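Each of the two complexes below includes chain A, the first together with chain B, the second together with chain C.
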Partner chain A sequence: MDLNPFDVNNSVSCRLTSEIPEVCRTEDCCLGIDEAGRGPVLGPMVYGICFCPVSKKEDLKDLKVADSKTLSEPERENLFQTLDEAKSYVGWALQILSPNTISTSMLQRTKYNLNALSHDTAIGLVQFALDRGVQLKEVYVDTVGPAEKYEEKLSKLFPGIKVTVRPKADSLFPIVSAASICAKVARDRVVKGWNFAEDLGEVDTDYGSGYPNDPKTKAWLLKYLDPVFGYPQFVRFSWSTAQTLMDSKAVSVHWDDDEEDGEKAAQRQNNRSMLSYFGASAGGNDQNGTHQTHRYFTDRRLKSLNTL
Partner chain B sequence: MAAKKKRTPNVQNDSWVVVAADSVIDTQKHDSDPAFVRLRNPLTDAASLYMLGSGDVQLYEVKAFEEDFHSWFVGQTVQRDGRLIFVTPMDPLYLILPYLIKSGKEGKFQPVDQVVMDEEFPACSRLLSCTRSLTSLHHIAEEKEVGGLKFHRYSQERTMNWLKKKVERTVTALKKRNISVGEGVKSATFIRVKPDADSHEEDYLRYAHGLISEYISEDLSKALLKHLGLPELTSPKETEPPSKKRKLSDQPVEAEEDYTKFNSADFARKPPKKMTAAQKTLAKVDKTGMKPMSSFFSPKVKAEKK
Partner chain C sequence: MSCNTSVTRLCAPSVGQAQQVTVHLMPCEIEHNGPALVSQYLTATTKDNKQEKMVSFRGRGLKGQELSCPQGYSGLVLKEINKPGSDQEDRTVKVSSVFDKLTYWNLETPPNSDDTVVMAMDWPELAEAIHGPVED
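== the complex of A and B ==
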């Protein structure tokens, strides 16, 4: 697995793929989808697909692929090796969603939540396989959100393909297990060798699992909190763990779309109460006799100053 | 996300982001540095910030762009206020004018250095060092020369002509810059089939007059409006249509409803109908000046009958 394309710029989303086995273009294939790194506050979320001809399904079992969570890291690395070597009939593709992508998606003005991001990434990977000529007939997915809705959504998008969405699909279907191994291995490698874009000097890489409840992760987050910028791009800003720490320890930053208390915000924006339009001196007198600045200046937000 | 953020008041800082005319930083010819000065604002009569270039040769006005939710990154620091300060050249006559008008009430010719004096803003005498000040005083005052000394007296007529020229120049500048002067909003991307030119000449004049009025007293502004031949705009309240339509016919007014029924004994005995909660609250609403819904429908029918 060559992680170079991601390391070059780890602030965006990146796709890594194996060669497409010839047999997958001619024979009916099945495809499994799984993800790794959904929960942690650190590092990327990786989506993986694995596909092989339906006829070779049983061969996967012989490779002893199993749910990645039941395997140790060296076992996963070995299994990935085995899968990669079975390139005559097994293909894989990965989508690495950088923590920065996750942060900016979830925190942008029109919020794009993690489930939608997950769904769209999965769909993108299936479409990728189709575009490359893989003869997909069956797709197996570990669910994100309610399984029935997700299954219906995918079935509609890919007519002619039998979509099966199940919770715990990674322990039920070997092809999903294989996908989960690919995703998990990629995530582990990326996190281990994270290339910090920020100039942090010698970075302490002892950040534990990256999950919010890990004490090591918490300690690391405290250590690398910058009062102005918050965190390196390695951290998912949208996680409440990160936000709580920034709210209490960093400088407060106000954005245009921050929600503020109605009355206070109105006062700050010099909004007039609706009632003022009905008072005895409605219109004209609201300026208290002071001059109203010409609209050339007000339109351009220009003001005279009396002190610096 | 729901955590409330406290707004701390802006802390005074010692640096600003400024856009200034090249001439401001051209300090080679003179020994003194350009400096911010507080002078009397001719419109508000209160202090405003101005800048005098090096050697007090040129006057600049100081305006700040200020909008919520802005900050600067300057080099390796963060500047909290997102203010952008503009230092732009300004005609010193605007600031000298109020002093001349004040002394002009005495009707005497006086030396300007005695006129342009202000205990509150002592820096105002420096205005006279500006290259444009003394040479252009004749635009706003009559001049007399006695024994090599110059004396001035404020002239309303000259001032009006001078301001009129300013307005005309502003109109030219507005047209050149394509600045939208009409009422209402115009989109820059919306392309009109034909430019609606001449009908907007007055819009331009009014807009330019408004801009110039930012630099003169309100009295002068009104006088200038007259001088430009523009009628004063009536306040929106007066231009509002009358709330009731005037009757067009000369025929005697007939009662539209039979009020006599309220006098009948039959009416008085009827117990008042019970109202629902919604009707009660509605009844409490002050309806003075409001037209009933029915008034929007009836009159036309009647007009046709006659």
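== the complex of A and C ==
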């Protein structure tokens, strides 16, 4: 697994793929989908697909792939090696969603939530396999949301393919376990070797699991909080853990689409004393009394300045 | 308010000594007046694709463009030397730095010719046409 294409620009989403086994283009295939790193406040979320001929399902079982969460990191690395050695009939593809992609999507003007992002990523990967000529007949998907609706959505999008969406699919179907191993191995490697684009000197990489309740992750988030910029792009700004810390320890930032109290916003933008209305230029027009500024200037927010 | 009688003086000799700086115009209000690690965070993560610049700030995607100051104009960053105790006192500001271009950032959409700041840069040319000497 060569992570270099992601490492050179880890601010965007990146797709990594194995070779497509020839046999997958000629025989009916099954495909599993799983994700790694949905919950952590640090690092990317990785979506993985793994596929092989339906006739090779038993062989896959013999490789002893299991749900990645029940395996230790070295065990996962070993199993990934095993999968790689089975490349004559097993193929995989990954979509690495950078933490910056997650932040900017979830905080977009028109919100793009994590579920929608996840679904679109999974759909994109299935389409990728189809486009590369994989003869897909069965798709197995692990889900955290309601399974039936998702299954219906995928079945409609991919007619002719039998779609099975199940919670904990990674422990039920070996092809999903295989996908979860690929995704988790990639996520672990990316987090471990994160290439900070920010110029922060030597960065302490003892950030723990990246989960918000991990004390090491918490300590790291406190240590690397910048009062103006908040965090490096390694952190998911859309996570409440990050938001809460910035609210209490960083300076406030206001955007024009903030959903804040209208009165408060008005006060901030125009904190003029009541007394000013009794002044010489009542009405607030800084020009001398009756003079009305032309729209040309108000459109450009140009003002003539006589005081600071 | 403009109803007081205080005078604001610009300390002119400071222009020559002032340093050229890079300026970013952000599409948000940052409640902070003071130094910030701009080059370590913002500059270091800015992606330059052709005409368009991209970066994110506080987890929000920004698109930017370099804007030059109008021909014959300079941008000034002013700093007040002694803050007066009341608004009746005269004030003196010095030029702390100068700039001839700035990076204008928009939230998610690329800057375009309808944006206030971009349009504002037309004024000096129009002013020249209206108020400048008439040539034959």
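As a working rule, the second predicted complex is superposed on the first by the 278 of 308 C-alpha atoms of A that agree within 3 Å, B and C clash if a C-alpha of one lies under 4 Å from a C-alpha of the other, contacts with A are read in each partner's own complex, and residues count from 1 in each chain.
FYI, a residue touches a chain if its C-beta (ideal position, glycine included) is under 8 Å from a C-beta of that chain, and two chains touch if they have at least 3 such contacts.
Computed from a predicted model, the values in this text were never measured in an experiment.
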For the three-chain model obtained by superposing on chain A, do chain B and chain C clash or fit? clash
Contact-wise, after the overlay, does A:233 reach chain B, chain C, both or neither (first, second, both, neither)? second
If we overlay the two complexes on their shared chain A, which of chain B and chain C does A:156 touch? Say first, second, both or neither. neither
Touch check for A:306: first (chain B), second (chain C), both, or neither? both
What is the contact status of A:199 with respect to chain B (first) and chain C (second): first, second, both, or neither? second
Of the two partner chains, chain B (first) and chain C (second), which one does A:256 touch, if any: first, second, both, or neither? both
Between chain B and chain C, the one with more contact residues on chain A is chain C
I'd like to check the shared interface: which positions of chain A are touched by both chain B and chain C across the two complexes? 228, 252, 254-256, 268, 297, 300-302, 306-308
Show me the residue ranges of chain B that touch chain A in the complex, using the header's touch definition. 1-8, 16, 36, 38, 41, 43-44, 46-49, 61-69, 78, 85-86, 179, 207, 210-211, 213-214, 218, 235-237
In the complex formed with chain C, which residues of chain A make contact? 9, 11, 100, 103-104, 106-109, 197-200, 226-230, 232-233, 236-238, 242, 246, 251-257, 268, 276, 279-281, 286, 297, 299-302, 306-308
For chain A, which residues are in contact with chain B within the complex? 228, 240, 243-244, 247, 252, 254-256, 258-261, 268-269, 283-284, 291, 293-297, 300-308
Interface with chain A, chain C side, in the complex: residues 1-4, 6, 8, 27-32, 36-37, 39-42, 44-45, 47, 56-61, 78, 80, 91, 93, 107-108, 116, 119-120, 122-123
